[in-house]
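Each of the two complexes below includes chain A, the first together with chain B, the second together with chain C.
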Partner chain A sequence: MKKVKRKPGLKTYAKSAYGFAAPFFVFFVVTILIPVIVSFVFSFMQIGSTFKFVGLQNYIDIFKDPLFLQSYINIFIIMIGYIPITMLLSLFFAVLLNSPHIHGKGFFRTIYYIPTVTSTVAVASVFMTFFNPTGLFNGVLEMLGLPEVQWLTDPVWLRVSMIITEIWINIGYNAVLFLAGLQSIPRMVYESAEIDGAGKIKQFFTITIPLMKPVILMATVLATINGLGSFNIPNIFFGTSNGPENAAIVVGVNLYKTSFELVDFGKASAIAWTMVFVAAVLSFVQFKFGGNDDEAE
Partner chain B sequence: MQMKKWMKKGIAVAVAGTTVFSLAACSGGGEKKSEDEMKIGSDIIKDEVTLQVSASKGKMQDFITAVTDIYNEKNDANVSVEFVTVASGTATVQMITPKLVSGEEMPDIVSISDDKAAGVMEKFEDSFYSAEDYGFFDQYGSDFFEQKLNILRAQSANDKIIAFPNDFTAAFSYYQPEAFEAVGVNFEDIKSWDEYIEVAKKVKDATGLYGIALPEAGEFEFFVDLMSQQGMPLVDKDGNINLGTQEAKNAAEIVKKMKDAGIVNFYGSQDGEKAFQECAMFVAGGWYAKNMELNFPDAAGKWRMSALVPFSEADAGKSPVSGGSSWYVPKDGKNPEVALQFLTFISTDEDCLKAALEGGVAVSNTKAYETDAAQTEFEYYGNQKYYDVISSTGANTADVYYTPSYSDATAYVSTASYAYWESGDYDGSYMKEADNYAQKYGVKVNN
Partner chain C sequence: MKRNNRGRQIFSYFLLAVGAFIFILPYFYMIVASTQDNAQIIGGGVNFKFGDSFMDNLHWLLERYDYVRVIINSIIIAVVSTILATVSSTMVGYALAKYKFKGDKLLFNTIMVSRMVPFFTTLIPLFYIMSRMGLTNTYTGIIIPSIASTTSAFMMKQYATQFPTSLMEAARIDGASEWMIFRKIAVPILMPSIVTTGLLVFMGSWNQYLYPLVMLTRGDMYTVPLVIKNITTSSTGDPINYGGIMFVLATSVIPMVLIYMVGQAKFKATDLDAADK
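Coming up: the complex of A and B.
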C-alpha cells in the first residue's frame, strides 16, 4: 500500500509556534519580568549588606519629602507642555510627508527620524549650549530685537527649555508613526468624500483624524509613559540639583539621587512603583476618554 | 491556540523560582575570610596576583601604576594591576552598589570620594574590610591629617575607620598676582572678604577680570566654604542642617554682597573652568591645581595659590575641606589580603608618598610633606611650592561631616542661594529649603 504523507497537524504547528516564541519569552522574563518583581519586593525592604522587611515605611518616607510631589508637578508641567505640541507638529509633518506633491520623502523621513536615533545625552548637551546666556537662542532673540531669556535659571523658562528639547527629540518618531497610520487609511475613503464634495480641510477633520484616533491615542500614551521617566535632559541641564525654586527636579532624577547618592534602593524602588501607578492611571484615563468612537468608524 | 494547563503551571513555577533565586542571590555572597584572619604585619604574599583597582583615569591611575613597581621591587612581590576605569563621585557609587546588592564579584580596591562614601558605608559597611580592624591605624594613624581621619570615622555607624585614606585638600584661592598689582594690592595682604570685595571692584574696573566665578543657577560650594571658615559645617554629625546659624547667614551675606558689587562671573554648568580664567581670583579645591595645568597650558605663570582670603580681620578662620578620596577593600574582591597589604604599603612608604606628590596626588599622610618631593617648585604656578600650601592648610582644616544626605543638602543650598540672590530674604530662601530638607530626613534645622 502506498504510504500517504500526512500534513502536519495543529499539535505540530503549536509546538513550532511555542518554540519560536520561547527565546523572546525567556528574554522578557529574565530582563523585564523578574527585575520588575524584584523591584516591587525591594520597595518593601531596606537594602544593604542584609535585607530587612520594613513594610510600607519606604512609601511613607517618600511622601514625607516635600520635593517628591514637586518632582511630579514639574514633570507634569513639562509633559503638558511638550506632548500636545509634539503630537500636533508630528501630525502636521506626517500629513506633509504623505502628500503626493512632496518629492524626496525618503530623505525627509530620514531627517525627521535622526533626533530619535541620536543619543539623548548628546542632544541635551548641544541644546544646553543653545540655552546659555550667550548661546544660539539668545543670539536669535537679540537679532529680533527681543530681550534675552534666562533659559536655565528662570524657574519658568527652565521648564520651557526642557519642553523645547523634548519636542525636538520626539517629533521625528511620532511623525513616522503617524505617517504609517496615514498610509493605512484606504484611498477610496478620500475619493468618496471628494465625490461628495468634501474639501481637503473637511476631509482632514472628518476622515483623517477619526481614523487616526487609535494611532494618536497610542502615541500619546507612549509619550506619557516615556515622559514620566524623563531623566537625561533634566540631568544634563541641571545635574542632580533641584534648580531655582525647585523647578528642575523631576521624578526620574529624584529616583536616581535616591539610588546613587542616598544609596537607598528600597526607597528608590518605592519611587519607581509610584511612577508605575501614575503611568497606569494616566493610561487608563487616556484610554477611557480617547477610546473607540463608533461614530468615527 | 490555548496553552495547556501544565505549561502555564510550569512557566509560573519557573518565573517564581528564578525570582526567589535572584532575591536569595542578592542577599549575600559566598564565604569570605573573616577580619580576624587579616592582620597587618603578616608576611607579604608573593604569589603572582592581578589586583583589580577601580579608579578614575588620570593622576590616580598613574599613581597606582607608579607605586605598583615600587611595591613589587621592595617586597619581592608579583602584583600587576588591572584598572576598572570609572569617574569619581556618583559614577563610582553607581558602578559598585548594584554589585554590592547582588553579591557579585567586586574589584579588589575601590576609590570612593569622601563626600559620596557615607551613603555606601551606611548600607554596606559590612561588605568591606576595615583598615582599622586590619591594624593600619594602630601603626600609622598618627601620620595622617587628623581631619581626614575624622571624616572617615564619621562615615561609620560606630566611628570605625573602614577606608585607607588617600588624597585630601582644602579649598584654595587661585589668584593672578598681576591683576591685584595693577591696583596696587598684594593679594596675600587682604585681611577679610569685605576688603576683598572692595579690591575686586577696583580690579574689575582696571583689568576687566571678575572677582570670583559662581554657577548662575545657584551655588553651594563657596557658601559652604564660608561657613566652614567660621567653624560651622553645613550639616552636623547627626545630619541636622546648620542653615539657621549666624555663620550661615554671614556666608549668604558675603556672597550676595559680591553679586551686588558686580564682581561675580556667573557661568552655566558647562563652562565653569573657562569662567575661572576670566577671574582675578577663584576658589577651588587644591586638587584642581593639576587639572588647570593640564587644561590651560597657555595660562602658565599667571596664577598662584593661597589659602582662602581670611574670613574677617578679627579671625582668619579655618581652611574648608574641598575634595578627597579614600581606598576601600571589598570583601567580595578576589584578592583582599593582597589588597590590604598593597594599600598599607602605598599609603606609608616614603618612595610611594614621593611618587604621589610628583604625580599631583595630594595624599593625606603628613610624612609626604617632609620628603624632598614636597619642595618641588611648580613652574606653572610661578615656581610656587604647591605642597607647602597643601600641608599648611591641611593642618588647619575645618570640621566637615559627609553624611549620606550631604549631597542632597547641597542641592537644597543651591536652590536657596538663587532665591536669596534675587530677593535678599534669608527666611524665604535658605530657611525654607532648610525646612524642606529637615522634613525629608526627619532632622532639625540648627540655629
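Coming up: the complex of A and C.
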C-alpha cells in the first residue's frame, strides 16, 4: 500500500482496474466469446446425440439448398428496398430539423425517435393489422378509390410491406444520428456559400452531402448489418413459413428454422457464419467504395 | 426575400408535422384499437373510434395467457438485467477509461469487434449451454447473457473518460482506496450517465424477442413479446384476436414510450438518443 502512495502513476493501480473489469469480463467470456468460438466449431460438426466432425459438409449442404440462396436473395431485395429510402428520408428530416428557423426541435426529435425504443415485435404486429386484407391500409386505398392490395400474401407486395415497416422503424434513429452530424457543420460554411450565391439545393449537394459522407456511410454499414440479421418482423408477419413462391423467407428465419425446428445445430451454425462473412464483406465494400481515401481503413 | 423565408418555414413545419403524425399514428391506433373487437379492427375501412371491448380484451388475455404473470415476468427479467448489466458495465467502463492495465486495449477492441458479430452466432451455443444446465424456462437463463452488455460498456467508457482524473488523485492523497473513490466520488458524478445506460438496458430487455423465444417455451414463463407472437400465430385455429394484441401493445408499449419521454426530458437527452443499440 505504501508503494502505491509514492507512485501515483496510473499503472500502479492496475490491480484495482482488474477488479473493476472482472465481473463484466467473466460474463463477456462466458456468454459472448466462448459461444462465438463454439459456434464456429459447431459449424464443422454434425450434432445429434453425439458430436461428429464433418469438415465442410454443413457448408456444402447449405449452398446446395435453394432455400438458403433464396433467403439471401429475399433479404437483399428488402434491404435494397429500404436502406437507401431510409437514409434519404432520414437526411431529409435531419436537414429540416437543423434549419435555424425551426423551433421545437427537441419535441420533433423525441417523437421521431419513439419507434427506435419500441419493440420491433410490437411494431410488426401493428403493421400486420394494418396490412390485413380488410385492415387500415386497404381501407385508405378504398377511400382514395384505388384497388386493394394483398399486402402479406402476394409475393411482390409482401416485400413491399416489409420495406414499408423497416423504413418506418429506421427513419428516427438515423435522422437523430444525422442531425448530430449536421449540427457539427459550422453555420459559417453555409453563410459564406450563400454570399457566393449558392442556392439551398446547391448548398445541400456541395456542402451537406460531402461533409456528412462519413456519418451516412457509418449509418449505412450499421443498417446493412442489422438488416442482414432481420428476424422479428418477418417472423411476426409470416411465422416460419417460406411464404408464397418462397418470397418471405429470410436468412434469420431460415437459421431459426434450421436450428430450432429441424434441430440441426451444425447446419444452423454454418448459416450463422455465412452471415458473419457476408456482413464483413459488405462492410468492407461499403467502406472501400463509399469512403474518402483517408477513411477507407 | 423575407416572405419567401416565412413561406419556407411554414412548409418545413408542415413537413415535420406530417412526419410526426406518421410516427405517432400507430401508437394512437394501439390505444384506440385496444378498446375494439375484431369486427371493428379488421372490418374494413378506416375506423379510429373508441369501441367498448376494452374489458373483454382484458378478460380474454387474463384467461388465455395469465397476462398479469406475463407482465411480472417481463418486469423481473428487465429489472434484474438492468441492475446487473449497469453495474458491470459502469465498472468495466470506469476501468477502461481511468486505468492503464495489461490487456486494456485488447479488451476494449474485443468488445468493439464483438458488437459487429450477429447475435445469431452466439444464439445456438448459448441455447445449448443453457439447456444443458437446465436453465431453459428460468429467469436466470434469460438474465445471464444480458449482463455483459457490450453497448453499455462502450457507453460507460465514453462517459467515464470525462470524469476528471484530478479528483481521483486528490482522493488518493487523502488516503482513499480505489474502491472508495469509485463508490463515493465517481459513481455519484456519473449518475446521470449511469441512469441513461440503465434506461437503455431496461428498454432493450423489455423488447428482446429472439432469445426468450428460444429459451421460454412454457406459457407461465412468457414475456410480453412472446405473448404478442403467440396471439399472432393462433395455433388453435381460431381467428387472430387483434383486440387482444392491441390490448397487449397499449399496456406494454405505451408505458415504455412514456418512460423514454420522461427519461429523455430528465437525463442527458442527446446521449439517450445517440447511444442506442
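Rule of thumb we're sticking to: the second predicted complex is superposed on the first by the 259 of 297 C-alpha atoms of A that agree within 3 Å, B and C clash if a C-alpha of one lies under 4 Å from a C-alpha of the other, contacts with A are read in each partner's own complex, and residues count from 1 in each chain.
The rule we apply is simple: a residue touches a chain if its C-beta (ideal position, glycine included) is under 8 Å from a C-beta of that chain, and two chains touch if they have at least 3 such contacts.
The shown structure was predicted, so the numbers you read here are calculated from the model rather than taken from an experiment.
Asks: Following the superposition defined at the top, how do chain B and chain C come out on chain A, clash or fit?
Replies: On the superposed model, which is not a single observed complex, chain B and chain C clash.
Asks: Which partner chains sit in contact with A:V38 here, chain B, chain C, both or neither? Use first/second/both/neither.
Replies: Both partners.
Asks: Name the contact category of A:F51: first (chain B only), second (chain C only), both, or neither.
Replies: So A:F51 only meets chain B here.
Asks: Pick one for A:T129: touches chain B only (first), chain C only (second), both, or neither.
Replies: So A:T129 meets both chain B and chain C here.
Asks: Touching A:T153, do we find chain B (first), chain C (second), both, or neither?
Replies: First partner only, chain B.
Asks: A:S99 contacts which: chain B (first), chain C (second), both, neither?
Replies: A:S99 contacts chain C only, not chain B.
Asks: Quick one: chain B or chain C, who's touching more of chain A?
Replies: Here the partner covering more residues of chain A is C.
Asks: Can A:K288 be said to touch chain B (first), chain C (second), both, or neither?
Replies: Neither partner.
Asks: First (chain B), second (chain C), both or neither: which does A:A14 touch?
Replies: The answer is both, since A:A14 touches chain B and chain C.
Asks: Have a look at where A:R187 lands relative to chain B and chain C in the superposition and call it first, second, both or neither.
Replies: neither
Asks: Touching A:E142, do we find chain B (first), chain C (second), both, or neither?
Replies: So A:E142 only meets chain C here.
Asks: Among 44-52, 62-70 or 98-106, which stretch of chain B shows C-alpha clashes with chain C in the combined arrangement?
Replies: The superposed arrangement places chain B into chain C at 98-106.
Asks: Share the list of chain A residues that count as touching for chain B in one structure and for chain C in the other.
Replies: On chain A, the overlap between the chain B and chain C contacts is residues 10, 14, 17-18, 30, 33-34, 38, 125, 128-129, 132-133, 239, 259-260, 265.
Asks: Under the touch definition given earlier, write down the residues of chain A that touch chain B in their complex.
Replies: By the definition above, chain A touches chain B via 10, 14, 17-18, 29-30, 33-34, 37-38, 41, 47-51, 64-67, 125, 128-129, 131-133, 150, 152-153, 158, 237-246, 257, 259-265.
Asks: Would you tell me which residues of chain C are touching chain A in their complex?
Replies: Residues in contact with chain A: 5, 8-9, 12-13, 15-16, 19-20, 22-24, 26-27, 29-30, 33, 41-47, 87-89, 91-92, 94-96, 98-102, 104, 107, 110-111, 114, 116-129, 144-145, 147-148, 150, 153, 169, 172, 175, 177-179, 182, 203, 206-207, 209-210, 214, 224-225, 228-229, 231-233, 242, 245-246, 249, 252-253, 256-257, 260-261, 264, 269-270, 273-274, 276-277.
Asks: Would you pull the chain A residues touching chain C in the complex into a rising list?
Replies: Of all residues in chain A, those touching chain C are 5, 8, 10-11, 13-14, 16-21, 23-25, 27-28, 30-36, 38-39, 42, 93, 96-97, 99, 101-102, 106, 108-123, 125-130, 132-136, 138-140, 142-143, 168, 171-173, 176-177, 180, 225, 228-229, 231-232, 235-236, 239, 252, 255-256, 259-260, 265, 268-269, 271-273, 275-276, 279-280, 283.
Asks: Under the stated contact criterion, what part of chain B meets chain A in this complex?
Replies: It is residues 1, 7, 14-15, 18-19, 22-23, 26-28, 90, 93-94, 97, 100-101, 116, 119-120, 122-127, 216-218, 268-271, 404-405, 407-408, 411-412, 414-415, 418-419, 436, 439-440, 442 of chain B that touch chain A.
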